[in-house]
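So, here come the structures, one by one.
Here come two complexes built around subunit A, the first alongside subunit B, the second alongside subunit C.
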Partner chain A sequence: MKKYFLITTTLFKEYFAYRLNFVLWRLRNLISFFIPIFLWMAVFSQNQLLKNQTLSYFLIIHLVSSLIASTTTTDLASQIQNGEIINLLIKPISIFKYYFFRDLGDKLLNFSFAIIEVVIVSFLIKFPFFSYFHLSFEKIFLFFYFLTISLFLNFFISILLSFIGFVSPEVWAPRFIFMILIQVTSGLFIPLDFLPKPVFNTLLFTPFPYFFYLPTKIISQNNPNLNINLAIFFSSFWLILSYIILKISWRQGLKSFSFWGK
Partner chain B sequence: MISVKNLTKIYKIYKKTGNIFTDLFFRQYKDLVALDDVSFEIEDNELVSFIGPNGAGKTTTLKILSGILYPDRGKININGFYPFDKKKEFLRQITFVMGQKSQLFWDLPAIDTFLLNKEIYQINDNQFKKTLDNLTNILNCQNLINKPVKMLSLGERMKMEFIAALLHSPKIAFLDEPTIGLDIFSQEAIRSFIKSYQKEFKATIILTSHYLEDVKKLAKRMLIINQGKIIYDGKLTDIIKKFSQNKYITLNLDKEIDKKNLEKIALIAQYQYPKVVFQVKKDDLPEKIAIISKNIPYTDITIEDEKIEEIIKKIYKK
Partner chain C sequence: MNLKHNLKIFFSFTKAYFKMVVQSRTGIVFFTLGKILRFLFFLGVIFIVFKKTNSLNGWSLNQVLLCYFVFNFLDTVTQMLYREVYRFRSLLVSGNLDLILIRPYNPLLKVLLGGVDFLDLFLLIPYFLILNFLLFQQTTNLLSFLLFWIFIVNSFLILTAFHILILGLAIFTIDVDHTIFIYRDILRLGQFPIDIYKKPINFIFTFIIPIGVITTFPIKIFYSLLNWQSVIISFLISASFLSFSLFFWKKALSHYQSASS
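And now, the complex of A and B:
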């Protein structure tokens, strides 16, 4: 277990080696956090109830996304391309576990700062954030269920995107398209239930709402108005499917990749 | 023991046709045979060097032996393991040092990589301390392990790479051009370290290098590989017997002699008064020495074999 702890703490040390980079990273996150908050505050300035519900949603989704979306697996694509992955392949450690525990460090750091940011913003806009949590035993259970699914789904899909490095050096374009797609379809900018009903219902069949929207919606609203059974089925389906594809791609990628000249 | 039989590796490489449409939608690939039916055996505690020109298949061989690459054909057995299975017991026995790639965390001191490797390879505290002390002593670099890697010179970084790679005392070490880019002092330090490590830890070492000095100073056995085929497998000293038909007689002349007169004695490889170098067939050596002694006034004479570099160049050209 100590090796996994060291993987996580080594990542902390790496981050703190470049202090300015660290500060700018947080500043960038803070700006992208402010944009939807102020946008939706302006949209619902006349409707206090909707304004509060939406604010509560965006504050929670900032915390949820800071935990789920932060990942270091983007490095994997360049490691495959420049051959540095060889250093991991020859060690008696699973590459997935290695990156999972690096991600854990990234997530802990991101989440800690996200908490501070949410508290600061709540204070600035005088929003009683904690009074808008809608908690019950069932909701807490569902929240952690969807949060766990989201964590692994994001981890698997992010690694899969890095595996593009096995077949093409152009790894950034697909990842960028995916990032844009996920920002729109996972509720980061628009609460998905604001979308037309047929669009929302269709989205539930895709993996996207299970990244950030579902866990956030469960605890940010009194009555989330969701078909929970359908959501559990499809979130589990996408998780298992992405895991199977991940394992097959890894095996095939290693067998076919040449590392030629690397 | 390492046993390799009929190993073949074929890379598929993208072939540009020049037609944008075809290149974009119907890419064509061609096969490049990196290793062609290669077989060899390496005993425990042997130090073997692979040499060959760029793209000959040296690094590919090492990558297949360490389980990084999947071979297209052939059998490999390393101490009972098939490398590509990547069994943990196998990975604990090997290491791979690449002169052009680093396993160290660039922004952190090397000790952070060492500590992580300690946990990954499950080395106990006493063993870790003992091995680290030992390796830092041999490499004389105790003061470097707490310095950020990005602040180390290439030679210093290479020393840290070796420590990181050898902390778990592997039985088999694959060293891919470990002295590349180093100055002569660092090259010498790394060479003497490799020698000491092999002796002390009874390790099997397979080395690739472009520097013949590495091979001359380290390995008794050499495998020359070219275009994916092993064209020589034997002792370094035997290569001269097998491939060199010539000897070189160097004279320091007493007085200047016309080149035409010298050419009557033997083929001149080099002439710049007072030094003249004759290239003679091995079998003709006693006769030529007798002629020289009788006809040419000189102050000094030396007889040498053909340089290994020259012999290997000839082998590559074949």
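And now, the complex of A and C:
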């Protein structure tokens, strides 16, 4: 395992070498974080309870999304296309573990910065973030359950999107669509339960609410009003399905992969 | 003669870029679909917001819709015209900017306008038509309509200045990717009227980084909500931003030391 933790520490060194890049990346996240916060504050300016509930939701989803969405697996697509993946294949390491441990470093750094950002924003909007939550064992357990599911679901799907590089040079267009779908259906801009009921119920059958919405909703509200059993079933279903497709694609991809001159 | 010459070069760049873009048809479909999806989603969000409240800090549904279409129209126009800015970094790191600088035309013609992205026309035309439909639905006063479009041109000049500033900054920092996306994220604040943000954020994003001038002022002038001081300030902002960006670009070019540095 030691060699994999070295991959994580190497990523830290890489990021600290390009500090400005990372800071600018977090700045972008912070600006995107502002828009829904101020929009919903304006909407619920007359209703303190709804305003607090919505604010707590957006502060938590900022933390959750920084932990889940940060990934380095997007690099894999270009590595497949320019043949650099060969350098990884000939090493005595698993390519999945390699990216998992790179992601671990990426997530830790992004999450640390997101905590600082949430504290600053809570202070600026005078929101009593830490005194707002009433946690129970059940809520904490379900939160970590859905968080784990979403971490792996995002990891598997992101690698799958990079595997498109095995069959097509157009790797960015499908990823762009995926990013847009995540942006609109994972609750980053609007709590999904604000959507019309039929739309919300249909979304629960798709993998998207399980990325950020479910963990956030469970921890941020005292009565999340969710069918937990259904959510557990569909989140597990999408996780297993994405894992199976990932394994098949990897095998097929390696069979068809060829590169010369390396 | 100079204009004719520049137009000829501009159209030859555009033609070459168009041929390049149509090579990846799948990409065209996916990118256009993604943009339509995002546009529809945020449009839906506006309607959901107005199911929960009658006004957004004093702004009605029609006014917020107008603001959203102004944002999308301006964002799409600039993305269509200034797409080449997104590729400026590769020119810098490869040293290929040298090959542009030695040519007998203004280098901005290539690095700013050298890759007009016709794909955005698919979205720009509907935005333009819907925007005009919304305007005519709310007034028959031609003066309001005319003032609105004068302010849109003013906004376009500020956005052009932003792009030139990003190009100039890139020569000093070799970074375009982050700055252009930070600009895009900041501009996104303007998809809703800037007045919905709290003080001092709305002040900062109106007078220091003039997002409010770009997306909210055209609507305010249309509804006669803008005082004459703000009218003067908005034109002063665009003039000073554009002049400064051109000055900065020239300064940056004089510091350019090619890829070997």
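Throughout what follows, the second predicted complex is superposed on the first by the 258 of 262 C-alpha atoms of A that agree within 3 Å, B and C clash if a C-alpha of one lies under 4 Å from a C-alpha of the other, contacts with A are read in each partner's own complex, and residues count from 1 in each chain.
The rule is simple: a residue touches a chain if its C-beta (ideal position, glycine included) is under 8 Å from a C-beta of that chain, and two chains touch if they have at least 3 such contacts.
In this text the structure is predicted, and so the values were computed from the model without any measurement.
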Touched partner set for A:248, first subunit B, second subunit C, both or neither: neither
Partner chain in contact with A:3 - subunit B first, subunit C second, else both or neither: first
First (subunit B), second (subunit C), both or neither touched by A:120: neither
Which superposed partner A:135 touches (first subunit B, second subunit C, both, neither): neither
Touching partner for A:258 - first (subunit B), second (subunit C), both, neither: first
Per-residue touch tally on subunit A - higher for subunit B or for subunit C: C
Which superposed partner A:90 touches (first subunit B, second subunit C, both, neither): first
Contacts of A:20 with subunit B and subunit C, given as first, second, both or neither: second
Subunit C-contacting residues of subunit A that also contact subunit B: none
Sites on subunit C touched by subunit A in the complex: 24, 26-27, 29-31, 33-35, 37-38, 41-42, 45, 48-49, 52-53, 56-57, 173, 175, 178-179, 181-182, 185-186, 188-189, 191-192, 196-198, 201
Subunit C-facing residues of subunit A, complex: 20-21, 24-25, 27-28, 31-32, 34-35, 38-39, 41-46, 125, 168-170, 172-174, 176-177, 179-181, 183-184, 189-190, 194-195
Touching residues on subunit B, where the partner in the complex is subunit A: 11-13, 34, 60, 63, 66-70, 86, 88, 91-92, 94-96, 98, 101-103, 105, 107-108, 112, 115-117, 119-121, 148
Residue ranges of subunit A touching subunit B (in the complex, touch as defined): 2-3, 6-7, 10, 13-14, 17-18, 83-84, 86-87, 89-93, 254-256, 258-260
